[in-house]
Amino acid sequence: MKVCDTAVEALGAVEDGATVLVGGFGMAGMPVALIAALIEQGATDLTVVSNNAGNGDTGLAALLAEGRVRKVICSFPRQADSWVFDGLYRAGAIELELVPQGNLAERMRAAGAGIGAFFCPTGVGTPLAEGKETRVIDGRTYVLEMPIRGDVALIGAHRADRLGNLVYRRTARNFGPVMATAATRVVAQVSEVVDVGGLDPESVVTPSIYVDAVVAV
Amino acid sequence: MKVCDTAVEALGAVEDGATVLVGGFGMAGMPVALIAALIEQGATDLTVVSNNAGNGDTGLAALLAEGRVRKVICSFPRQADSWVFDGLYRAGAIELELVPQGNLAERMRAAGAGIGAFFCPTGVGTPLAEGKETRVIDGRTYVLEMPIRGDVALIGAHRADRLGNLVYRRTARNFGPVMATAATRVVAQVSEVVDVGGLDPESVVTPSIYVDAVVAV
Amino acid sequence: MTPRDGGCVEHPDRGPLSKVEMAALVARDIEPGSFVNLGIGQPTLVADHLPAGSGIVLHTENGMLNMGPAATGDQVDPDLTNAGKQPVTELPGASYFHQADSFAMMRGGHLDVCVLGAFQVSASGDLANWSTGADDAIPAVGEAMDLAMGAKQVFVMMSLFAKDGTPKLVPSCTFPLTGVACVSRVYTDVATFELGEHGARVVETFGITRDALAARLEVDLA
Amino acid sequence: MTPRDGGCVEHPDRGPLSKVEMAALVARDIEPGSFVNLGIGQPTLVADHLPAGSGIVLHTENGMLNMGPAATGDQVDPDLTNAGKQPVTELPGASYFHQADSFAMMRGGHLDVCVLGAFQVSASGDLANWSTGADDAIPAVGEAMDLAMGAKQVFVMMSLFAKDGTPKLVPSCTFPLTGVACVSRVYTDVATFELGEHGARVVETFGITRDALAARLEVDLA
């Protein structure tokens, strides 16, 4: 685990074609500095996994506007201020895999937990389950869902210690802890890095094993 | 949620033939008072799901010694002081479903999370996967594992608030939070019940929605 | 009020209901002590009508139990929002959890009630509320499908008729489905319904008789 | 020491190794900064040989990272034990988590190394360490299968020969398996091995030559 001085240093190498998990629900927990670093870093042809597909013209929307994202895997792209995504989508310039929010979270959890696939009740009988394997178990129908893995996860947390243990703040916790388990490399932006021993071990949400680099912004 | 004065009141009705999830890893997190209440309450023909199968002559071992348990689902029954279980098992007086510890946890999590079944890497090619469906996913072989649900869960936690939010202490956390999600009725014994607002919302491990009754012992 | 066959109660002098009145009806039917998720939009209004001391706890799927009312002024905290991304407050006894845990709570059947809006509901309880299937629409599903399948009871709040007069309670949904056989009650401006294996039963009508209502719907009313 | 074919190093004047010496060998081969799970029994000894400042973090599957040494005297806390249910201590930077999270960490491939005891290991890395298959044995598996399949590298510590002289590194396990093709290194009293698709390679021998060792084993040594 590395405590870095800049977001670019924390981000490190991201290859073209990488799958990037991006935390946040709207702007809460959105790793804005790390997305800016990704824009600066230059990787392209990316697959982005995130709950939304960008707001306004900054953050994820700016990455999309630069034409760096080939595909978005998300649950709720359409928002009042999602004009960048909307334009790209209507122009056929971006691919979309629409995933129910709970499946998005659970599929990343599966990747992080070594689960090969799971039978899930959400989406049965809907267009989002079309073409997917189904099975009746104990009288209920389930759809088989596959893990979603990232090459890198960019998450926003509240505080880190110098080992990489993370705590979050209120509903900004959202996707961070799950994404931290599901990517090969995990980078967190935090408000503050504290000394080892500065976080209550009972309250750590993301244990240090999951975190590769942190930067305080 | 009900804050009760006695373990017997907290336990409430348990039917003959019920599946009872019992928390704890060794004695850490073991809900000793609730097991005593279950012995007093009288339900029999029980299936007990727990990591171990009783230590010494008290707690779970005492329930077993009373002949009240038909079947144990557990990962590690054999211990230096598991003579009660050992005797019943050798006499053919108790049924055992041996489950790897991670599968035990994950199967209860699946029950609590609405997952119908999941493909899991543990146990592939071993006697514990015999007769189970397997599947190769992305070049790796997985075994299909089914949820484990309880009629009632008995767990030991550290503190509860009067809504039923729970925090645990150190490694006594173990199976409590998972079992709390996987049973129809969840009863917790705690060291202390505090007023609503007395627990840090960021540090609650088992949210109140999962808990039906608590008793301070 | 006039009790009718099937237990229907007609309120000829009251209605159609406003959104606020519909929200009050829903709130009336939620059991004290329930854990409840209120969907984005109209269902959010239900919160204002939950009786004090009812012990009803609100869940927001972005990761919180015991969510409080909307935040105003100094209370606004960008790290504390509801599923509609509006600033909210925290009540004593709250807890926070991540998305996988939040949806496990929902999908595992631990929520007693969720209240959702809808484009269409079928008499057998199928729900369509995420897409009108329009060709140029940007699709978005969010938590709709998880809530539909996860909560013990799914209540729908909607106007019974679209602006063009088309009924939204239908024999079979024509819009893309959110969930199958998941809605148990429908609250509309002119009537409330119970859905189940028996089909749709009218519980109350507002400003219209049951017979007049039946004439305007294509579904057989139980 | 004498380098040999396949890179084997013979230590004719040293060995057989004590359990403590084996533990020191294992500790030497764990990369600084690794996250490590030490199995119950002999592997626990490895902790005493991890160099200060190595940044190696110990995981215990009952729900903790950054576990410290055994607790003594006033340190003993019944709520803080290792997987062998012995009282342990907490190091700064520790974290606690529940069983599903702990095994997700393990099964998701996040641990760098786990060190396990064994009844038998096959040349292709199959592990048998949970059951001798004896008819009257009480079976118990615990975390063995999860660790075997979950950690990035699985090291085994064992005596190379059973008390009756039978080798425990075998062409094919006769005891019930814990995991298939999961062990990458084997540390024994008389030799260490690397296992892989090529089969077993002798890395070092202790108090015995590679040739004398090969003569006592039924496996083909690469």
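So that you can tell them apart, the chains are marked A, B, C and D in the order they are listed, and the count of residues begins at 1 in each.
Keep this in mind: a contact is a pair of C-beta atoms (placed from the backbone, for glycine too) under 8 Å apart; a residue touches a chain by one contact, two chains touch by 3 or more.
For clarity, every value in this text was computed on a predicted model and none was experimentally measured.
Hopping across touching chains, the smallest step count from chain B to chain C is 1. One simple way to say how far apart two chains are is to compare their mean CA positions; for chain C and chain D this gives 56 Å. Centroids built from CA atoms put chain B at 33 Å from chain A. Chain centres here are Cα averages; for chain B and chain D they lie 29 Å apart. Among the residues of chain C, those touching two or more other chains are numbered 90, 96-97, 103-104, 106-107, 149-150. Under the contact definition stated at the top, the residues of chain B that touch 2 or more other chains are 106, 109, 113-115, 120-121, 168-170, 202.
Chains touching one another form the pairs A-B, A-C, A-D, B-C, B-D. Within the complex formed with chain D, the chain B residues making contact are 25-29, 51, 75-79, 82, 85-86, 89-90, 96, 98-106, 108-109, 120-128, 158, 168-178, 205. Chain contact summary for the complex, chain C toward chain A: residues 60-64, 77-81, 85, 90, 96-100, 102-104, 106-107, 126, 131, 136-146, 149-150, 176-180. Only residues 1, 109, 111-115, 161-163, 165, 181, 196-197, 199, 201-202, 204, 207-210 of chain A touch chain D when the two sit together in their complex. Per the touch definition, chain C reaches chain B in the complex via residues 33, 35, 57, 59, 65-66, 90, 92-97, 103-111, 149-150. For chain A in complex with chain B, the touching residues are 106, 110, 113-121, 135, 137-138, 140, 142, 146, 167-170, 200, 202-203.
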